[in-house]
Structures are given as C-alpha cells and as structure tokens.
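Chain naming follows the written order as A, B and C, and within any one chain the residues start at number 1.
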Amino acid sequence: MSVTTTMTKPQAVKTNAGRFFEDYRVGMVMDHAVPRTVSGGERALYHALYPARHALYSSDQFAQNCGLPFSPLDDMAAFHVVFGKTVPDVSLNAVANLGYAQGRWLLPVYAGDTLRSRSEVIGVKQNSNGKTGVVYVRTTGLNQRDETVMEYVRWVMVRKRDADAPAPEPVVPDLPKALTVSDLVVPSGLDFSNYDFDQAGEAHRWGDYQVGEQIDHVDGVTIEEAEHMMATRLWQNTAKVHFDTSARPDGSRLIYGGHVISMARALSFNGLANAQMVVGLNAGAHANPCLAGDTVRAWSEVLDKAETAAPGVGALRLRLVATKGGAPFNLRTDDGKYAPEVLLDLDYWVLIPV
Amino acid sequence: MSVTTTMTKPQAVKTNAGRFFEDYRVGMVMDHAVPRTVSGGERALYHALYPARHALYSSDQFAQNCGLPFSPLDDMAAFHVVFGKTVPDVSLNAVANLGYAQGRWLLPVYAGDTLRSRSEVIGVKQNSNGKTGVVYVRTTGLNQRDETVMEYVRWVMVRKRDADAPAPEPVVPDLPKALTVSDLVVPSGLDFSNYDFDQAGEAHRWGDYQVGEQIDHVDGVTIEEAEHMMATRLWQNTAKVHFDTSARPDGSRLIYGGHVISMARALSFNGLANAQMVVGLNAGAHANPCLAGDTVRAWSEVLDKAETAAPGVGALRLRLVATKGGAPFNLRTDDGKYAPEVLLDLDYWVLIPV
Amino acid sequence: MSVTTTMTKPQAVKTNAGRFFEDYRVGMVMDHAVPRTVSGGERALYHALYPARHALYSSDQFAQNCGLPFSPLDDMAAFHVVFGKTVPDVSLNAVANLGYAQGRWLLPVYAGDTLRSRSEVIGVKQNSNGKTGVVYVRTTGLNQRDETVMEYVRWVMVRKRDADAPAPEPVVPDLPKALTVSDLVVPSGLDFSNYDFDQAGEAHRWGDYQVGEQIDHVDGVTIEEAEHMMATRLWQNTAKVHFDTSARPDGSRLIYGGHVISMARALSFNGLANAQMVVGLNAGAHANPCLAGDTVRAWSEVLDKAETAAPGVGALRLRLVATKGGAPFNLRTDDGKYAPEVLLDLDYWVLIPV
C-alpha cells in the first residue's frame, strides 16, 4: 500500500476536541461511549482508595440480612462510573462544574453489571460575556438490561468555540432545590427490620437524629497524587487537569470533585455509620479546589427527616461538607461566600434504620 | 419538621471516641463491626501492594495441586482484615502495640468469604505511672459459616480517660513464648506430595533448612505514602496516625505495622519461596516506626523445625526481621535493645514441603 | 533440634542471584516460576493504573457483541504477566533490554485463567568487550489448559559472571523486521460486523486510516512512584531497579518499560479508539529511561494496513511513540539516534473494524 502525504494537522481529524457551547441544542441526546462491566475489583479498589466502612457495601451477609441479594457497589462508585462517561461529551471544555440537582439512585449496582450513560441537553444559556455559556444536561446511567440505575441533572460552564457565534434562545430548566421523599426510590426488597447495629458499628437510628443536628466526623485523610489519579482513571474520567501537570499554569493537578465526595462520604461513617444507602442527590457545590497534600475532613448537618414505606427504613436529608482545614461547622464567610477551607457542600438523601 | 437547637458538642454524642483503659474488664467480649466480603479484588490488590510471589497464593492450579480448592487470600491479608476490625474497639487510644502471641491460622480464606472479628479481654494491668495500662485481648476471626479462620492474642498500652480512676485488679495471662507444632492446624486436604518446585520458584525443601541458618532476602522496596494508605484502608483499619499528617507532631504518617509485616514476608520469597502457608504467629514486635521513604529489606533465621502428619508437609519456625538499612543479621545493640534500623521482629510457623 | 553453625555466606545458598551470560546455552528451556490466576481484580487495577478505555476490554456486552464470551484482560496486561515471570531467569543481571520481535497474541485471557511462562534460548553472542553478551529468548505464555496465549522473542544484554569465561559459538537468530498479516491470529469468533461505533467512542474505521498518517494523542499523564511500582508488582516483575532507591547511583527508581507501553497504548485511545485488539508485536525499543515526575504523551503513525478473513475485521500496523515532552512526531535527532524525549518506539499490529 502506498504511503500517503501526512496531513498538516492530523490530530484535528482523529482525536476528540470536545464539544463547545454552540454545539449543544436543547433536546439533543448523547449516548456516551465506553460501557463498563464492574467486578469485585472495583469494589476492592473503592475500599483501598476511601476509608469506606458502611456495612451494607462491605459484606454480602449484611446486605442479605437487609433483603438485598449481594453487597452492592458503593452508590458513589456507581455515580462516578456514570459520570465519568459523560466527561468527553459534556465537560472536556468546561470551565466549571456549576451544580447538581434531581439525582436519584434507582437500582443498586452489583459485580457483573455493565453500565453506560446517556445525557439529554435540557437547557442552554449564554453568559453575558459572550465567551461562555451554561449547559444543563440530564444524565441517565443504564445497566445491561437497559434499566436505569441512576439519573441526575448537572450544569457546567462551557467555552464557546467562536465568540461571535449567535447566542441560542435561553432555556433554563426549572429545577427543585431538593427532592422530596416521595421522589426517592427505595431498592426493591430493602428491609431494615432485622438490622444488625453491632455489625454496622453504631447504635444511632433514624429517631436519634434531629433536624439541625451537626456532626463532626473527626477523622482526616491527607491526599496523595497517586490515589486521586487511580480513582479518577478507574471511573474512566479523562479530564486533563486531573492527570497532567502541564495542563494548569501552576503545575498542580486538580483533584476530581468526585474524589472529595467519596472521601467525605466515607469519613462520615464516624457518626453516620447507619446512613447506609444514598438514594437522592439534591444539590452539590465544589466550593474550592482540592490538591494533593490537603487533609480532607468532613462534617454533616441533618437537613430533614422522612419515613418510607419500606419495613424499618427511614430517610435522612443530610448536608455533607468537606474541608481542608479550619474548624468544623464553618461554611460561609460574612459575605455569604464559601469559606476558603470548604471543598464540598453536598445535599443528599440517605436510607437509615428507624 | 422543626429545627432543633444544635448541641454544643454534637460529635461527642454520635462519633466513636474509642475505649480507654478503665473501659476494659477481663471477660468482656467485643463483637467488632463491619464484616467484609473479600473477592479477587483484594487478592489482586495484595499482589499490587507487595512483591508477593508464593505460588500457592498466586495460582488456583498450584493450590489445587496441593489439595486446596482454590488459591486462598494471602494469610497475612486474612490477618489484616481480622485485625483491622479490632482497631476502633481496641487500639484507637492505644499508645503502643506491645506484642502478639498464640496466633493461629485455622482455615484458609477464599474469594467470596465474609470475615468478622470478635475479641475477649483476657488481661488488664495498670502501669505504675497511673496514666496508662496494658490490655490483653484474644481476637477471633470468623467466616460466614461461623467457623474460626484465625485467632491471636495481642496486648496494647491504652491511655486512661481519667488518671484518678482506680486501678483494676491486675490480670496478666500466662502466654507461651511460642506455639508448638502440635498447636498448629494444617489445612484440611493439604498435600505437598506432588509439590511442583519448578513452579514454586526454588528447590529448597524442609530438609535443606537448618536451625540457626540465616537468610538475607537481598531485595528492597522503598515505601510510598499512597501505597501504605491504600493497604491500610483496604483492611478498614482506621487509626488516624496512618492517614492524617496533622495527627502526629512531626507531620509524618506512621506506617501500619502490618504493612511492614506483609512487605517483609513477600520479600522473604527470595530464599523461602517454598515456605508457603503461615499457620502460627508466636510473637512479634514493631521495633521502630516505618515512614514513607524508608527502603524495607528483610532477613530470616530458622528457629525450629518440625514434622506434621499431613503428606509431604513440614513446618519451619522462622524469625523474620524487617530493616530500613544497615547490614543483615544485626538485630540488637550491645545494650540489648533493637538496633535503630530494625522495623520488625516476627516469630512465626510456616508449612513447607519435606 | 540442635542449632547448626551459621554459614558464612548463607544468602549465596538460598537466594536467586540470577543467571549470567555464560549460563545460557542455545536450546536451553526455562520453565519460569509462579503461575498466576487473574481475576476481575487485575482488570480493575489495569483501569486504575492506565487511562484504558478500549470498549472491548471494558464491557462484557461490547465484547459479546464482537463474538467473544467476555471482556478479556487487556492484551498488554497479559503480556506483562507473561513477561514478569521471565525476569528472575532472563533479566535479573541484564544491562539492557535490547529488543522485541515476533510477538503474537494467540488467545484472549479471561478472568479465571492461570498463566505461566516458558522461554527457550534461541541465540547467544558475546560482546567484543568480553564483559557482556546478548541472549535471545523466545518466550511462550501458557494457560491452565496448556494452550499458548502469547509468544514473543526478546533479546537482552547480560553481564558475564567471569570475564575470562570463553565466548560461546555465536548464534544470532534470523528475525523478521515485522510480522505479516498472515502471521497474525484473529481470536476465534471475533466478528466486527455489528460493531457499535458509538459505544466504542469514535467513528473512524479501518478505511479511514492511511499509511503514513500520524496522530497526536494529545493527552498526558504525569507518572507517580506508587503507580508504577503497583503495576510492576502486579505482574510479579522483581527487577530491583524499579523498587529500590539504593539500586541505582542516582537514587531514582527506573520505571518498568512495560508501564510506559501500557500508558502510551491507553493514551492512544484518543484517535485510535477502535484499534481494539493487539495481535502482533513487530519490534520495540525503550529509547530513554522514564522516571517518576515525567509526563508521558503519545503519538502514532500508521505503518501498514491489511485485511483479515474474519467478518468485519481489518488490521493496522502502527508505530506507537511515547514521549516525556517535546513536539509530537519528532522521533530521531540528525545523527539518527532517538530524540532525548522519546521513551518508547513500538511497532505493533492491531485489529479494527473495516
């Protein structure tokens, strides 16, 4: 076969440069690439990367005692797998990850399941500077039986390819500040009637938590580059800033926000050991960047409580705050902005024995 | 629901502050929390974290040729899982891990097994300074069929909550310096009659080792923070000093002693490739702290030899010493203390083909 | 039992000092030690250590849609397992890894398979300095059914034990510069007729690549010590220079060349997402050492194209170049040597949908 002339910019032809703001249209559906089969390997790695100890995700016997067939993959790991697939289509040229809403976990994920992701654009709004815009997508995670395992809305600020491209008609979806308990899906069969508090590690049940209560989770973990990169790669998240010291002017690698979510959630075991299953994500903000060397701590606040129809199963709405220093329970400065030590402000629903 | 007044010290209510010396009573039984199902993921991580090459723990075929159904989880990994669960109840406020005795591996652990731990307090003795005391516990690791997979005694120095609390009646268990071969349990079915020395990597059999013989294992591994933290988390060991640079005055993270045990045992392959199954732990001392950046090496000494009733199976009692420098075979200084480069002095029984 | 007198150099007796040049004879066969059963754990770790996203190795469903029973272990992981076993017998005293030829992947490796390695010496040639020689070995990887899963030739420069030992009759095998497509083995059942380009991540098929075309894979990964050591240990590769900071005069740990191969191959997804199965290794050079802190990038060049008899399956011969800086497509300096930023120059065959 003959050798062809090398093209002048061959990489422009074959590699993915990512979408820009003007590439998104409301109603557009993206089937994200690279489905992933998870196994005991992903479960073990999750426990090696985070101090995760919620018993339902650690022991098949504990899970079976709660009415599930096996111990599922951590709910946040399922989120990361689904999220990671969206990065090449949604956030490769994102300036910022602005928010989450209406996140629901609909089915537990087990070893052997294969996950893929699909996103629909549900809003676009150009910023007044004309250089960027906000894109709203509703992402769905599906398993090998085409069942939806989770879904969430997120919105990101995306660069325009061409600042002179006309602004689209703005569409901003009407998103609730939080899910209500009737929006939540309790996994089929879940039953906390015979819940083993000794095996779970704490005696505190639903009735022991009060709205407004704050919990300092005490423990801290100093983050290493190798760990956050292994985690982020495991979820096949390809954003350059997490891996390449030449991608940011200061030579630092920005830690994937989801690494901070999982670290804080795992640390919250100490005080919330029975807050087993994450079923709703109301909102979330990555308040400040996290870098290797930071020592991550966490505190929680009980925002709401609700009962569910499942036997022995109650729900708590929790604020989970991750910090890299400072005193617990400090969220914002006097001007209403996040305190500089706050990394994450997450608002989620969890299932807990009554 | 109404917002309740925030408590002044909410963390005191919900989080685990750990037990203090006066909380332990002889005869007290603690069922430790968070059972764990292990899989091929834990096996693969063990091989990624340590240069482990003992063939029985690497190959299903090799294990089957030795009469076992599958290749088990490394015996030290089983120990770490059982040990890790005891930390929140036994050593969260420990000043020092003083010793081990009467450790026995009773059943191999396979992928799919779920382990939990239980400890009984068998001794307490307040120290003369009145601020600390020594607690002796016998820990049992159980599987999902309530079979005991391993057991060991360890004693730790624990802080008193209140220096003025009265000293308990001292009880110091009578612990043998070493197990005898009749105390050891050879796994059911184990048969080294058809042992494949080529596949195992060395030709040395039981008869080739002599009491008093010393072996320099030659190889060294320089330790990284990310690795020891991943290992320690994988075993759900929560001791703060391993993870949080603010937990110790010098800002260093103290490496879990079990990481040094596994590293040294793996390095001992070079010279002890056929010392396959660890069945007894006679004694052990973490002589000096290990920190990231240390290069761990190991040497062994043959302390005793014995025959067993299983076909082709002999036993060696070995001293395994891990160092962070210096010449091999140097254990103590002239004053009888451990040399400053010695990290670990472990006395254990292992099964080897005759 | 009585304590024997300690031997003066006990380590010389029991530990493996590795073979020297004069220990190799043409026709000699070495059955390498420590067979290894792989599981979902090795698969997950591969995805945590490398940004691997080729869909056939990520999803059972995708693999089944291509006619395979499950998603295999990454072909490079299979290579690393087979290669790692040869190190104690072939390259413990190697000065340099000089080249590869005639590498063929003959059967996919699945979770549950047990791999072992065997090498035959096919050439020896003493160097003119009399201190070293080149050893050529043909290595075969076998599974638990004694089927060959892969094979390759490599040659290494090995130190002589005794510079005065006589030179052997030189035997230099006649190795082809590259395999032809008729040498390649397409896995039984492989069928790309229903290939899902959306799930694979790119639309480019065999017909879209032209001989001579160059692709800059754009992304970069900054390498950490913990990661390359975990990878290298996972493949049970024991070469000291990868782990021990005291093994090289400058205190650096030399990164296993296979870590660079896997990193570059994974990075090549961006532009070669459909280049799914690696079936042939024509040649390879580790042009310069890679150290922690280096940011690895990759570019590819299409060297040849061929059709295969399997439905929908074409083959591309690719050059894969890994660098630690500099502009893409720069391979050699004016004097014909590799440019100082080039880490790897690999020549391989891959299967891709037509």
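We adopt the following convention: contacts are C-beta pairs under 8 Å (C-beta built on N, C-alpha and C of every residue); 3 or more make two chains touch, one makes a residue touch a chain.
The structure displayed is predicted, hence computed values, not measured ones.
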Message = Quick check: superposing chain A onto chain C on C-alpha atoms, how many degrees is the rotation, to the nearest 5?
response = 120
Message = Could you classify the chain A-chain B contact as same or different, where same means more than half of all interface residue numbers appear on both copies?
response = different
Ask   = For chain A and chain B, what's the span in angstrom between their mean Cα positions?
value = 36
Note = chain C residues touching 2+ other chains are 39-42, 44-45, 111, 224-227
Key: Of chain A, residues touching chain C in the complex   = 1-7, 10-11, 14-16, 31, 33-42, 44-45, 88, 111-112, 114, 116, 144, 224-227, 229-231, 233-234, 236, 238, 240, 243-247, 253
Residues of chain A touching chain B in the complex = 39-45, 47-53, 55, 58-62, 71, 111, 198-202, 204, 208, 210-222, 224-227, 270-273, 295, 304-305, 328
